[in-house]
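Just below is one structure, and these are the notes that go with it.
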Amino acid sequence: MSQAPIAGRLAYRRSRHIREQIIEWLLLSSALVAVATTVGIVFILVKESLVFFGQVSIIDFLTDSQWTPLFSDPHFGIWVLLSGTLTSSAIALCVAIPVGTTLAIYLSEFASARVRETAKPILELLAGIPTIVFGYFALFFVTPLLKIIYPELPGFNLLSAGLVMGVMIVPYISSISEDAMRAVPMSLREGAYAMGATRLQVALNVVVPAAFSGLAAAYILGISRAVGETMIVAVAAGMQPNLTFNPTDQAATITAYIVQVAKGDLPHGSVGYQTIFAAGLTLFLLTLVFNLMGYFLRKRFREEY
Amino acid sequence: GQQSDSPTPGASPSAPTNTVIGIDGSSTVYPITEAIAEEFQLANQGKVKVTVGVSGTGGGFKKFCRGELDIANASRPIQKLEMDACAQAGVKYFELPVAYDALTVVVNPQNEFLSTITIEQLKQIWAPESQGTITRWNQIDPSWPDAEFKLYGAGSDSGTFDYFTEAVVGKAKASRGDYTASEDDNTLVQGVSQDLNALGYFGYAYFAENQAKLKALAVVPVAGGAGVLPSEETVINGSYTPLARPMFIYVSDKAAARAEVRQFLNFYFENIATLAAEVRYVPLPPEAYLTIKKHLDDNKMGTVFGGEPATAITIEELLRREASL
Amino acid sequence: MSVSEGLRATITRAKRNDLIFVGLGIAALLFAASTFVALFLDMVGDGMSRLNPGFFTEFASRRAERAGILAAWVGTFAVMIVTALVAVPIGVASGIYLEEYAPKNKMTALIEININNLAGVPSIVYGLLALGLFVHTFGLGASVQTAGLTLALLILPVVIVATREAIRAVPGSIREAAYALGATRWQMVSDHVLPYSMPGILTGVIIGLSRAIGETAPIVTIGAVTFIAFLPPAPVTSSPPFLNFDWLSSPFTAMPIQIFNWTSRPEEAFQANASAAALVLVVMTLLMNAIAIWLRYRLRRNLNW
Amino acid sequence: MNDEQKKPDPSTLEKKAAALALNFFYGQKQALKNINLPIYDRKVTALIGPSGCGKSTFLRCFNRMHDLYPGTRYEGQIRLYPDDVNLLDKAVDPIEVRMRLSMVFQKPNPFPKSIFENVAYGLRIRGEKRRSVLMDKVEEALKNAALWNEVKDRLDELATTLSGGQQQRLCIARSLASEPELLLFDEPTSALDPIATASIEELIHQLREKITILIVTHNMQQAARVSDFTAYMYLGDLIEFGWTDDVFFRPKEKQTEDYITGRFG
Amino acid sequence: MNDEQKKPDPSTLEKKAAALALNFFYGQKQALKNINLPIYDRKVTALIGPSGCGKSTFLRCFNRMHDLYPGTRYEGQIRLYPDDVNLLDKAVDPIEVRMRLSMVFQKPNPFPKSIFENVAYGLRIRGEKRRSVLMDKVEEALKNAALWNEVKDRLDELATTLSGGQQQRLCIARSLASEPELLLFDEPTSALDPIATASIEELIHQLREKITILIVTHNMQQAARVSDFTAYMYLGDLIEFGWTDDVFFRPKEKQTEDYITGRFG
């Protein structure tokens, strides 16, 4: 190719070129803020956790069956808090995934445009309610309600916290799933309808598999929300660190523990206080695992319509 | 200027009317300081601004010892770790007891068999060794029913927990773990009021506001003695022991040098007696306040507790210690 | 029609399943909606009596009947301004970078995984980050700016994702049209992609803000104050330079904190205050969501490619 | 046009279906105007006409596809023989109609399932569960669609991994598996390259031995190549219908001639 | 074919551009193979060929549209006259190229802005800010695109409220406003109805007085109607190029003839 100088009318305009470059760098640096945030989170959590693990063996942390870091006889078994977190999340997901998915399918495949356009915003409003409000709702409304059916239920329990958390997550799941389903092109549905499939058959056999990666994303976000939810469990699940997977028990979760200690009376820098960073790190890693799983699921099953 | 070393947020050296007195710390002390701050600002028509936070005693001291606060609310004396931090940052402080809280042991109002309990019995119930073994009323006293009890208490991150364990079990932070813990005392109230076999403890204010839903137990300090119910009188006369505990504010030396902080502290000690009672705490006798106030005037700084937790501090004992400063 | 009896029975069965599912869908919808209604009525019942003008114009007080939410709503408002001012430019710029500029390489993949992950990081972990970074390392204190920055980081992924989706909805043909006329990349973005994706971006921003507005855990963790009987300094002054940024470093309280504080008061009367404040907060989020829906509807009318 | 020699009078042929005074409306907009068109049994009928003239709309009336969208309205009849019922009758279940009349679309639209499951789908929703029956029918359909050799070793792979032409043949196999009486093709090759197009056209040639076909195409060469009858539509009207070579070489209407020779508009 | 009488030897004509040994690659896939094609000044050149043969790919080389997508690669030259530079040279700024060579797409793609702003956009990015100049040029361009009368009273309305044919003429006006030297049309009428198509063809007729035009079309009738020269492409190769009526009525290649008479594949 000729590298001869190009006639003026077609040569690069330097000023324009430089301006474009600068803009690109600015945009890139904005995108890096998100990376910096993660780095910041990891840095803070790891730095403070190192102090903690300097005094508590990581083996104990992972294997001890008691969590009494603030007692005179301290134990640091994170499993105790994890069990609470996992149980409440599992209850929440048992509500949120079926209800959310059913709703999404209903809105996307069955409901009329009118119903959909009315229902979606209302559901999104549910997602906008401050979680602390949900917390007191669980404690003062749902728990007494459950007690009518099951009088033995303690005043604080994972069950009502989990249920309310599930309701809170429903809109996240239904909204994202519904978007994913609506993105499935009509031509795919028509293919199935043309063979004589009913709406439900089309929904379950064609739309749901086609929207799989979107559904996975919705579920993963739901899990992250459940695992990371703080105020509902702090208020309604009781603060008793229990190694239990029984929904009718009361138990502490990682998040509830952190928020409580963060405003408690412990001297900062003490091992007891440092536990919140170790717990925070655990929580971060837990959600990281779920999110990475979601990412790869999405990548693997990216829709090619 | 007077502010340069006090980076209180919002402080603007050029405009003294914008001065802010930053207070933070214990949620237990909060209602008292809040009441004072409210009245003080009214009396001042907002010329001096006061903020009160609830970061917990630990969070308060953390900021206090970094020089970020003027006053720290504390539901326990300053501890060794925090004294070191303060010393390192060159923060000196006045330790000012402001009122008493009577930790109240409560049961469900429908509980017929309990109205008095001894410290010994409480210890039996709450000791770490009891976890999993002592779970029924009749294990404490055979005349009590054969039913499982449910325990409610302060979160292990709180000063209340530290104090109660020290006073009852004899060792701070020594407690059984299988009880419902909450930082939010209302949830404890809720729990005890709904549970026939509940026993719990929390600050007097929460009992006082919910007397219809709860029943306070008279506590027998030493075996064979008489039960004492918590009240202003029993705290002041020292008979409600060991569950009466003092609460403090800590004022940094630099803040104390500021006119508006002085003004605030003066207001504090003039009004504490009425306001503390209003928010259901037990004020100290007037002469006690005079002694304490005098530390401030005499520039007597430091703590009288040596960084150790302390219990069974009656007002008398407190004053004795204060005098030693 | 002549289809075999067996087939007709199969069809009938399939259609019955359809009906059953519609029932389930409606039940799920009613379930979600009735939770919302129950929650709302619960709050109205408890808090309505406190909703008088004074409630909005009074500061907090130890006397429940005198206490108001002036400092709380002003604080929330100030924090939201900072949050929006930080999150919107950075989030939109990141979204633009990722959609319009980023080459498909490892670094972009990393940024993407990272943003996906941040979207699922529990809010309390952001609180820990803010405590370590903004409060302690940068010494910003528990101020409006700290809370604003924290919540900005928290909603950054929401804004980025919404921006990207809105940008992706702009058809490639519009981009090619602009390029074909000789537009540079940035001209194409600023003249076309950005304006046309505004409805989507705005919706994302508002949804992000309505999430931020109800967040309790992170602000509790950074240690926002609770009693404050004055407002941050006004951002505009009567003397030159007419702008005043002191409000950024002013202490503040926010609606969720106020609610949290009131619910933990011993006096029964404060519970009504808490309900009333929660009601105000919910109505605030409802309004924001309503605005988002309205905007989305209004602005999208013009965009039918 | 390939059967020029044996070209009897259409009225002697057996009909598979017929549109009678068919009108169709999208909301207020009338897309089909009084269409009367016979579809002869085991013949290929091509629908041609400029874009937007209503070809797809007409085709989709046959399997009641429009029922899926609100605001659409049929008038008149489409009779299906030998039962002689009106497909558009409210009392007729569209699901039953669609089980008898299969449709292949412009863009290949395989389900996001395995190749096997795609072809078996029609049988499954008919309640067939026996693996061996399914297997046999799938094989037969894939053979009929001239795809068996290419996919027999990868029946469990995702259908979306096939090439465009293969996907379209898969969609045809999917339609064939449930043994429809009438196959509806809506521009089945417009998204395909010439080679894939040729293979689909070849397939249509073979299929017409057994099955009635109605095909929409925008490609006049294709219509000429594959069909026995051609219908020319314009702006919702049926302008001309007849043997394909008559329509192409001896059009009765000036309009048809203009379109076919490229002078319309 | 309208200019049959005055048909000089092409080599005597002035060239506006020329592809020289042009190869083009999408990643590994070669989409254009050694294309040599002159584009004569102020003539209409039509590109025809079956779907996927590389017509659009070729057209988009001229204004460096492929630069926007990663993994594409040019080889060879496209020379632009009278400057006589290689448009594909790395040292050539694609922005400058696009400012001189304008493109109109298959589907009308007006910006969702006012009619006025659509047409003025090319001038705006050239830095023109004076309202009066913009107004004049917009009017001129709309007149040249035969749209002025229809829109002169509604210049502030959204362009998307126009009908399809009007939108496409608006896109042409948008291209014309910045006075390009070469207009590239990629199937500009394939999304339009016959009436709108006719109006665009009429417009092309008028424009060729002033401007060089390269048009891709899948409609052979259209190529025959509007172009002076026709190039027939097949699977990335340029098979035949010449005066339109020669290519249509006296094709040199068997392949071209087959395609034009509908017998390919």
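For reference, chains read A, B, C, D and E in written order, and residue numbers begin at 1 within each chain.
By our rule, a residue touches a chain if its C-beta (ideal position, glycine included) is under 8 Å from a C-beta of that chain, and two chains touch if they have at least 3 such contacts.
Just so you know, these numbers come straight off a predicted model, no measurement behind them.
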item: Joint neighbours of subunit B and subunit A, given as chain labels; value: C
item: Remotest chain, subunit A as reference, centres from CA atoms; value: E
item: Of all other chains, the one whose Cα centre sits farthest from subunit D; value: B
item: By number of C-beta contact pairs, the top two chains; value: A-C
item: Where subunit A and subunit C are represented by their mean Cα positions, the distance between them in whole Å; value: 16
item: Rounded Å distance between subunit B and subunit D, as computed from the means of their C-alpha atoms; value: 84
item: Euclidean distance of C-alpha centroids - subunit A vs subunit E, Å; value: 51
item: Inter-centroid spacing, subunit E versus subunit C (mean Cα positions, whole Å); value: 47
item: Subunit E residues counted as touching two or more neighbouring chains; value: 95-96
item: Interface hub residues of subunit A, defined as touching at least two other chains; value: 16, 140, 196-198, 201, 262-263
item: Two or more partner chains touched - positions in subunit B; value: 27, 54-55, 59, 183-184
item: All chain pairs that touch each other; value: A-B, A-C, A-D, A-E, B-C, C-D, C-E, D-E
item: Residues of subunit C defined as touching subunit B within the complex; value: 59-62, 139, 141-143, 223-230, 232-233, 246, 249-251, 261, 263-268, 271
item: Touching residues on subunit E, where the partner in the complex is subunit D; value: 50-52, 190-195, 197-198, 219-222, 224-225, 262-265
item: Subunit A residues within the subunit C interface of the complex; value: 16, 19-20, 23-24, 26-28, 30-35, 37-38, 40-41, 44-45, 47-48, 99, 102-103, 105-107, 110-111, 119, 121-134, 136-137, 140-141, 167, 170-171, 174, 196-201, 203, 220-221, 223-225, 227-231, 255, 258-259, 262-263, 276-277, 280, 283-284, 287-288, 290-292, 294-295
item: In the complex with subunit A, residue positions of subunit D that touch it; value: 63, 65, 68, 70, 95-96, 98-99, 102-103, 105, 107, 109-113, 121-122, 125-126, 160, 171, 174-175, 178
item: Contact footprint of subunit B on subunit A as seen in their complex; value: 66, 68-73, 139-140, 154-156, 235, 238-242, 250, 252, 260-270, 272-273
